[in-house]
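Before any comments, here is the structure.
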Amino acid sequence: MCRVMAYLGTPVLLDDLLFRPDNSLVRQTYAPQMLHKLNLAGFGMAAWDPASHRAGEPFVYKVTELPIFDGNLKNLAEKLRASCVLAHVRGVPYTDRSHVERANIHPFRFPGYRLCLAHNGDLADFGRMKFELLRHIEPGIARQIAGTTDSEWIYALLMSQVNDPTGDLALKEILPAVERTLAILRAVRRKLGIAVSSSANLFLCDGNDLVATRFTFDFGCYGNEVREANLSYLSLWFTIGRNYSFRDGEWKMEGGGKHADSVIVASEPLTQDTSTWIEVPEYSLLYVTTQRGRRHVETVPLEV
Amino acid sequence: MCRVMAYLGTPVLLDDLLFRPDNSLVRQTYAPQMLHKLNLAGFGMAAWDPASHRAGEPFVYKVTELPIFDGNLKNLAEKLRASCVLAHVRGVPYTDRSHVERANIHPFRFPGYRLCLAHNGDLADFGRMKFELLRHIEPGIARQIAGTTDSEWIYALLMSQVNDPTGDLALKEILPAVERTLAILRAVRRKLGIAVSSSANLFLCDGNDLVATRFTFDFGCYGNEVREANLSYLSLWFTIGRNYSFRDGEWKMEGGGKHADSVIVASEPLTQDTSTWIEVPEYSLLYVTTQRGRRHVETVPLEV
Amino acid sequence: MCRVMAYLGTPVLLDDLLFRPDNSLVRQTYAPQMLHKLNLAGFGMAAWDPASHRAGEPFVYKVTELPIFDGNLKNLAEKLRASCVLAHVRGVPYTDRSHVERANIHPFRFPGYRLCLAHNGDLADFGRMKFELLRHIEPGIARQIAGTTDSEWIYALLMSQVNDPTGDLALKEILPAVERTLAILRAVRRKLGIAVSSSANLFLCDGNDLVATRFTFDFGCYGNEVREANLSYLSLWFTIGRNYSFRDGEWKMEGGGKHADSVIVASEPLTQDTSTWIEVPEYSLLYVTTQRGRRHVETVPLEV
Amino acid sequence: MCRVMAYLGTPVLLDDLLFRPDNSLVRQTYAPQMLHKLNLAGFGMAAWDPASHRAGEPFVYKVTELPIFDGNLKNLAEKLRASCVLAHVRGVPYTDRSHVERANIHPFRFPGYRLCLAHNGDLADFGRMKFELLRHIEPGIARQIAGTTDSEWIYALLMSQVNDPTGDLALKEILPAVERTLAILRAVRRKLGIAVSSSANLFLCDGNDLVATRFTFDFGCYGNEVREANLSYLSLWFTIGRNYSFRDGEWKMEGGGKHADSVIVASEPLTQDTSTWIEVPEYSLLYVTTQRGRRHVETVPLEV
């Protein structure tokens, strides 16, 4: 049911995040450590390289094929040094009805918008919720929905909670929009009598900001169909420090929160050695702040 | 803006419809005769082979790749002898925003339904119409919409006009459902003030029946963006007879309506020699009836 | 490093071989039971349906995408009842240099030929062997090689050992050709000093015959790079009987060699319950004979 | 039979070469001006962006899908400013035997090599020539051939004519290697009695150099199968100047050879207005020299 990785910090070669660590995001497609189901339904990323032309616009790359065999992606990963990355590998039920399509690849980002969203989880009985959400989504935003995922609808709902979805949104706008989005989902679920465990680990990036949630509606309540994504609380971890690189046989940051300039947030650590990683608490909202060039990770309870 | 071909008759090798004629449907992807824009955005078909297992269920094949290079399709075409075929090649604007996805490949057919729909044309300003149509579509049907085409919404709308969309529908149910569908589209357009030329050449097959429309809303009214599909009345032709085969240097039927057992309806004739083909009148509804093993083509004016 | 399944017998729905058993071939792509590496690099099959047009010609279907998400394949599997099937899922090293291409999808079958080959295993240092094999391959056959696999070269080598590669080959021609093929490979390896464990589990079908080998060159000799495919003797199993179907909670044949009319040979049993399956001995050649409508499995030692 | 474009000069946005001109390379896939056959079998490029990480290594991107619908390519084109580009769109016969595979996408470049090659044309009866060329190709280079094109074999042959194929080759090494390559092809053709018109418009780039040929073996001699690529002398054009941009309703350079810093060489001009473009003479070798920051185009007769 998907794996996600977000990075914000000093420029790092994409290869060092996506391919090279022993539990890199690309490896998590076929060998995740904290999930039984594989994530074989596509790869997507937005990556901001400050040395590139129009540095405020990300490189965006989405494919339904497996990233481990993808020469185009491997080449990009060896060429781009990104200061912000949001990357996602998609897991879906093992059936031909799963709509493995480019339109369903995360992260979502409508034309002209800056904020991107990726999602780890799934909303139970979403077919019934979908059109009910229309009254909470700006018509001009709703029309841009192109795929079948609950995730893209969550994105449309979220972008309807801010004044100008094409603007460069500050944390003080993003954070309440995330909370309102979850509150609307909760209200619609209640209205429709949906009370089944549903995960909404959301990841948001725009090149400057990184926000994530570790959240599950009605955790522990199962319907007839128990999915792995609902059975346990989906994992979320982060690491903070500087000079992310391969040292002493391990990909890691130099620790020490005081001098940290870089953060990775991911569904699971990028290395099997998790000693430099911290688990994000359940029911919480995480965001990264920057003060005098130092980065901090804040986590607050999500009271939705 | 798409080309479509439908066949109903004695079993014919798919190869003889899709690949071998000099203006076959597959050739119409890169060299259509009655359209300037190419149809490079995918191929789809439903084909009923009476010798196959569960003959009432069609072979369904959909790809976004070009059919002319597709060895899987060519093999199928050389193996299947179909008594009913509905095949479509998709044309879209030349831009990366065109959503070339499998979910957008015609013909549309929801799980468990028998009737399939393919569409040649496009509804102007469909983004605005889309959610407005929801009140005319059964919720359980609306939820199955997976792509971004107006065509799939038309299919959902049409299937909401019959009592049991999973049933084996008779012509007497299909024909009024088509008319109601067009009437609803007309009403929604009027409500939203959309008065721009919009083509709705629809093709319906279920293995036993073949229905098609040659129809344009507000023909001759252009908005700011003039598309080829709207500029002229989209073509529709048919041929009727028996023993479709290659004779005297040409793919054709033996004519003579009295003994006809087979009909091809297509956006344009499958041969450059159009002498055995008849143009369907504008604003009309075409359907095929069967009496004592003979097939007849009926065309009636569409008064929507 | 690939999984293969071959079937010869009374017509059986492809779905019942490819998708429905708990360890079906399609499931073996992402969850094989007797292999650690996954088989994510494509699916291919040749399937002979006696009810189809030109029944001697197989349905051939090859894709590089994952079969579990493939609606076209699932539809075919629900429509075809095959009396002979050769199907393969491809495993390759996890790198973008693995040439995941349609030209590399098994089974191999050159235009106009009847015999198809699929391969489970890989020949060490094949880059050096490749052009050395040219002197043992008919030039007209060598020119048809389109991909990068050792398997396709083995096919070309094998087809050069028979009088008429386009003919309907009898077992008495196929079996010595297989032995000569392995002997040539052994000689070329010796000449080049290649003495590293290399598996050659070959599967051959032409609609009427089924031949397989369970064979490894220099088993137990490892070079610098130890691959899973070389570390253990690659598995090969078969089951024989009649009325293959789901009974008592399990996909299986009614046993009893005396009345058997159908055989499945596969890299690993199609069910987790292996009680009706028999392991093929190492270093052996297996083939199916038919006498008075009864099928027998013969296995003889491969003395190459 | 393919279209190619090469650029060497001051950094230019890829979008301004690949997509925006009225006869851009991407448009030449479905609407070339100087070729009847379309180029629908894939797109590939190598592009050197001096602002990127490891600027000496190109961005490499290859797909078999149509570039006009490719959001990944469009995004790359809007992000990269390249000082050198070699891009190619592939045309193949309209049949499923055409091997539309990633391994056949130009430009070719083996791992660790710097020089890339793209080809417009095709060598008649190449199946017979292929293995005959092996004696002229270094074994270690021959082993890297992965596809079915004559073009990749020409690349392997060419790279066997230089001392160190992984080195940064100077013009004085590249130019004689091109001539030797053509001479070997000529000799092998003569040996095999192949005297049919065969085009070899070659394009070579390594980030610093640009070399091209406009050349046809046995022009005017046709065999049984006349292909468009052989019927006329394949076109090749160039333009030189500075400040390539959209001015006065046209994409063009400011002319004046004295101050030129940039060159485009292409199968056909990128604009329908060809007034600032010059046709390369038949039977000639073109290369770009740089002196005191000024670029010059030299063309010399190819006497092979």
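When the chains are written out, they are named A, B, C and D in that same order, and each has its own residue count from 1.
Just so it is clear, a contact is a pair of C-beta atoms (placed from the backbone, for glycine too) under 8 Å apart; a residue touches a chain by one contact, two chains touch by 3 or more.
Keep in mind that this is a model prediction, so the values were computed, not measured.
Asker: What pair in B-C, A-B or A-C shares over half of its contact pairs, by residue number, with C-D?
Answerer: The chain pair with the recurring interface is A-B.
Asker: Indicate whether more than half of the residue numbers at the chain B-chain C interface occur in both copies; give same if so and different if not.
Answerer: Mostly the same residues.
Asker: In whole angstrom, how far does the Cα centroid of chain A sit from the Cα centroid of chain D?
Answerer: 40
Asker: Going by the contact rule already set, what residues in chain C reach two or more other chains?
Answerer: 71, 97, 102
Asker: Chain B touches which residues of chain A in the complex?
Answerer: Contact set of chain A toward chain B: 97, 99, 101-103, 111, 127-128, 130-131, 134, 139, 142-143, 146-148.
Asker: Using the touch definition up top, name the residues of chain A that touch chain D in the complex.
Answerer: Within the complex, chain A touches chain D at residues 13, 49, 51-54, 57, 59-63, 71-72, 75-76, 78-81, 102.
Asker: Taking the touch rule as given, give the residues of chain A at its contact with chain C in the complex, in rising order.
Answerer: 27, 30, 38, 40-41, 64-66, 68-71, 73-74, 92, 94-98, 100
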